[in-house]
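Here subunit A shows up in two complexes: once beside subunit B, once beside subunit C.
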Partner chain A sequence: MIIDRETIDLYIDETNQSLADIEKNLLILEDMGPNIDKSLANLIYNAMHVIRNGASLLSLSKIKDLSQKIENVLGLICTSRLTPNPEVVNILFQGIDRLYQLIEKIHSHEDMDIDEQLVLLTGLTSAVLPDDIKQSVTAVRDIPVPDAEHVFHISEFNLIQVLEQGKNIYVLTFDLIKDVQEKNKTPLNLVQFIQQHGEMIDSVFDIKSIGTLEENETSSAMPYFVLFASTLSYEDLILVLDVQSDQIKPVNSAISDLILTNNKTHQKDLGPVISVRYEDTENKSCKNLLNALSCELDFAMNYFSCHSDKVLSMSMARMQSVLKSLKDLQYQKNRIQANKLLWKVGKNIRDHAYQNNSLAKLDIQCGQIMMDHRILSRLIDPLTQIVIKMIRCAQTDIPAQICLKMTQNDNFIQVTITPANPQIIAEETYLDCSVEENKFKAVSAEFTQTFDISTGLVITIRIPNNVIILPGFGVAIDDHYYVIPKFNVTYCLTNLPKKMWHENNSNISFYHNEQHIPVVGISSTDLSYFQTKKSLIVCNVGNQQFALASDSTEPFELDAVCQPLSKQLKSNPLIAANCLLDSGQIAFVPEMGFLANKYLSIC
Partner chain B sequence: MSKKVISPGQDIVASMVPEFKKRLQEIIVEEGITELDIDLTGVEMVDSVGLGAFIATHNSLSQKNGKLTVINASADIYSLFKTMRLDQHFEIQQG
Partner chain C sequence: MSNQKAEKDGKVDLATFYVGEALCGMDILKIQEINKNMEITSVPNSPDYVVGVLNMRGRIVTIIDVCQKLGLPQSKSKDTQRNIIVNSQNEYIGLLVDKVAEVVPAEWRKVTPPPSNVRGVQGKYFEGVYKKENALIAILDVEEVLKDESVS
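On to the complex of A and B.
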């Protein structure tokens, strides 16, 4: 049995994993706005394509139909004809949610209804298309089989999608007796073999030529035609399919207009003038700033060695000026419109209400406010939890309506969460938000809740406008957490056999990749101390390489929001900055230059 | 309109097809059956000649305004028939 329970189980596992990856990547794509990463978009598209092909092979028709519609929308995103804004992504999520349900009940999925999702996805596809292409969603194109009476009836839109993937369309002709039976193969072998080299768009038997039971004893020929899409050329296809040249006919005349349109579209794609100019400008601006910074650093190095403090301070001021420009540029690059992420709170609330069979509505007002997406993405979960807690406190027979409003001034962005009707929450009711409060503190935000009779319960979160965000890896060392700046980390070693440790004149090193890496400890330099550690974070500072011994087997990635250092910490040369983790614990950013020097002094 | 279920109980492959077709012909021509269910319980494989037998049966029944239904098809046979679009000609039910 080729398609047995194991195959189905494998398909279920792989599809669930793929759907999770698709969801995750869609959120990343959505954050990018109109300037999407095309390679990521293609990755998502290909993942959905694999799901659809698998469903097709296993004849899971509803999964195939729904994944085909999702694939169509993803195809539009890949070709920049559709921006993955929150509305679009939300509809894709609805389709994906339904796919999960179909997969979960795979053996009875044919009984499940997918009409709602199909309508939404088709609407999305046709709504964004120009009028001339819009009709392709419903239009059907007839593709005749050469030298035969048969005609394939295929949606024009599907053909356009296939062409846009750079595939060629062919009609393949097989005789199931000569090409399959006489070669000791089965029809299933043939179908699977064909699908390894492209996509079977449709297929048809010449059932008339097979005749009836009365007409012949044994069929001498069984013509079978496949409408096939593949990136392979005509010549390559003859070779890989091991067929005669007359068994493959490229489809050109029946779709010549679609091929022409596709070529024109691709030519347009080659010259997205505005986008290219924008990227050029941005790159140029980065290059200029980096060049300026490098020059200023060179000058500063010279002054360090031979000039007075006065000149040095002037040089530092110049460097600060360039640094400020770089920070401004980075600040602009990381800002997105708040509504591009905040809609997820609404989706979470909708999902929560759906799962709990309750009714609730969240009204999000954030205007055109822009903020750093790294901060905003960390607010989604605690904001969701607060709204859920508020809904749970509401004493009302009608659906609870909660307002989430975002405002801003020069210093901070303020999020206010209140019930639309203050009276639905009992007087002097406060929410237990200690977990969420920690998460807000971790992004330097201030959390308060107040209650008065006129406004009822009001939750306020204030997020400062200018915070320093350091991408890094969090590790535990000697009962404390540290965030190692990402740009200093080269790799992490977790397999630390005792025989690889070396001690030479009190200098400790670890032998890896045919080199001795000097190891630096936070609180000790003893070999026995290092040998208790679970990992080594190999860092580079300038041209110095050293390893930092850590108690974490797996560093976690985070965008640390740096907090002001206390006076006591400022005097500690080992600490460059500190931040709070979502758990409420403090994490220190080590002064990597100091650690590198520590290694130098050891040497 | 008369209906009958036939259960071959073995793989529908070239070696058994002549006998199988003969039996089908008897059912359709001599017994006058116009609604035929082929029960594929116990059938794990259908080769090209076997496929031809299904299509020939469908063609014979169509001439008599009859109907062929394949029932209890295993997952791979169901998949094969669907992929080859045979479900556009006759009904296929998975076991």
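On to the complex of A and C.
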């Protein structure tokens, strides 16, 4: 490597940060299904592109090759040829995991093997392409640098991808001494600058021109060639890059056949598109049902004056039927195939095995089971922890293989975790899972562990099918936890200067955004009580707005699984439901209508 | 005694416990478990006799202070207090009592109707009274104790 240590450290820091962002954004993209946010997809693509270009600049060949393959897959996602489903994202994550490892051992990364990841990513790319383009994924095109000995070796597929985007391909020549060093820039600055105007396909230093120590004179130039794709014309590029005309050479002859094919392709369809663009039928159904409900309400209002119990009861039955359909629709909307989230457990286990330099395999079997994604996402962490604990208990020289199996019946979904070979866990060994148990119980799931000679250690988690889930914000108020329904919360105020509090005839309000927001307390209505509070949760109930005084500076978001109130609490007007937090503590869901009335009575 | 009580016959094992100074009992089969878990979360805006709620292995159980409910003076000793968890109308409810005593084998035919007042507590809260060698056991009518009067 001919780049200084500082630049490499900077590259490592930026790449680690970018990979973390890419991972986070990929998960968001995955949740979007076939209707992806194009701008987010492009953001991920560009981030990977920057990583590749940096690797190219620093001559980190394996990082460059792997990031190139990931970039190819991301390019297919950007053009909607590939849907980022769990399988696709999982393969991308495997590539990203390996990139992390390569970055971590950057000085010895050439010794690391990336074949497995390259095969998976190449397979993914070629699998979705039409037959006539398939071979381009593995075919390599030589593009010579004009007036120099160097040749770029580029995958044909990369060239096709940029041509499909309507870009022209150029070779740019820079001098790292004149264009970088003398201008007090770093090579990475130059790369970032170039990328503002197009896409760097590849880049290389002309090391031969630098000379060697044996030679009497070393060159005063350090040529740096960039294979560049941009929608800008030759003339425009000279202007924006502030270079001489001889520093830019259009590439035509070496790729003339690809340009011709691309022009033809553009005249017809762009090939089979894997992702199916579906109409948002759920929204349509929802709209139809709301219309139906509105009609039923009109019907009830029109006949209300006739005081006929029969008509009213019929009307109520019809409304209930529509409401039930709405509820069913909502229920269906939140259900996803379990494997769409459960693969994350597998990824976590791989990460854990890598970090601990151990080997372990997790076999996830969940068939086509559908589950509420809010429950499922709360199971990922405790399931991961249990598998890790089981791996730690395993007494084996070969990689521990753990099976996670999901089955279902009318009432519940059951997850069983067992070692594939029961003998690897010593007899009568039980795991300490108190933390995980609390998390399962918070979603109303039952947790058991048994030991049997034939089956070994078996962990069973039973998740009831019909639970009431309330998306909300958890806050602490007067030594209690409350979950405020998300649909009631407008925003949260945490900066509460004393001068903003107002008291008028015992009515307390807080001045914010040029309005006085009436404030409601759970246990008191005194100004001194309110002034001890750390935040105000501004809520809307119907057309009433009020603020609930809270002791939490940062409300935490959660999908609470509500448990019915006992008959002793049903008459409590303040409490609508109760639920368990992951910590095992009990939280209450306040009756927002009661709090709104409390504010009205103050007024 | 209600008709239901009148129909009772045969033997019964009474789990006995103290509510204040009063020795009470209930059919042991009604009891799901007895615990001394005192990590009870109070419930705001609740009647005094509702001690709070308890996380019993993932199930939220409401705990009722039997002393308060029956209008008896509060016990001074917290160490001996226990939650008797019963299943009432498909719901687990905890009864906080001052001390758990022995199990007493009894016969329903020897259970006498409760007087209108048992040690200062209204008779309606009891199914009857069973006379042991040297003590009287007031058999608690769990459903009556758990009735939420604020609803009516």
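FYI, the second predicted complex is superposed on the first by the 345 of 603 C-alpha atoms of A that agree within 3 Å, B and C clash if a C-alpha of one lies under 4 Å from a C-alpha of the other, contacts with A are read in each partner's own complex, and residues count from 1 in each chain.
In this text, contacts are C-beta pairs under 8 Å (C-beta built on N, C-alpha and C of every residue); 3 or more make two chains touch, one makes a residue touch a chain.
The model shown is predicted, which means the values in this text are computed figures rather than measured ones.
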Subunit B versus subunit C as contact partner of A:Asn348, first or second or both or neither: neither
Which superposed partner A:Gln563 touches (first subunit B, second subunit C, both, neither): second
Subunit B versus subunit C as contact partner of A:Thr125, first or second or both or neither: neither
Which of subunit B and subunit C A:Tyr224 touches, first, second, both or neither: first
Partner chain(s) touched by A:Ser552 [first = subunit B, second = subunit C, both, neither]: neither
Contacts of A:Asn168 with subunit B and subunit C, given as first, second, both or neither: neither
Partner chain(s) touched by A:Ser61 [first = subunit B, second = subunit C, both, neither]: first
List of subunit C residues in touch with subunit A within their complex: 41-46, 50, 53, 55, 57-62, 64, 89, 91, 93, 146, 148, 150-151
In the complex with subunit A, residue positions of subunit B that touch it: 14, 17-18, 21, 24-25, 28-29, 44-49, 51-52, 55-60, 63, 74-76, 78-86, 89
Footprint of subunit C on subunit A - complex, ascending: 437, 440-442, 444-447, 478, 480, 522-523, 563, 566-575, 578-580, 584-586, 588
Subunit B-touching residues of subunit A, taken from the complex the two chains share: 1-4, 8, 56-59, 61, 176-177, 180-181, 186-188, 191, 200, 202-205, 207-208, 210-219, 222, 224
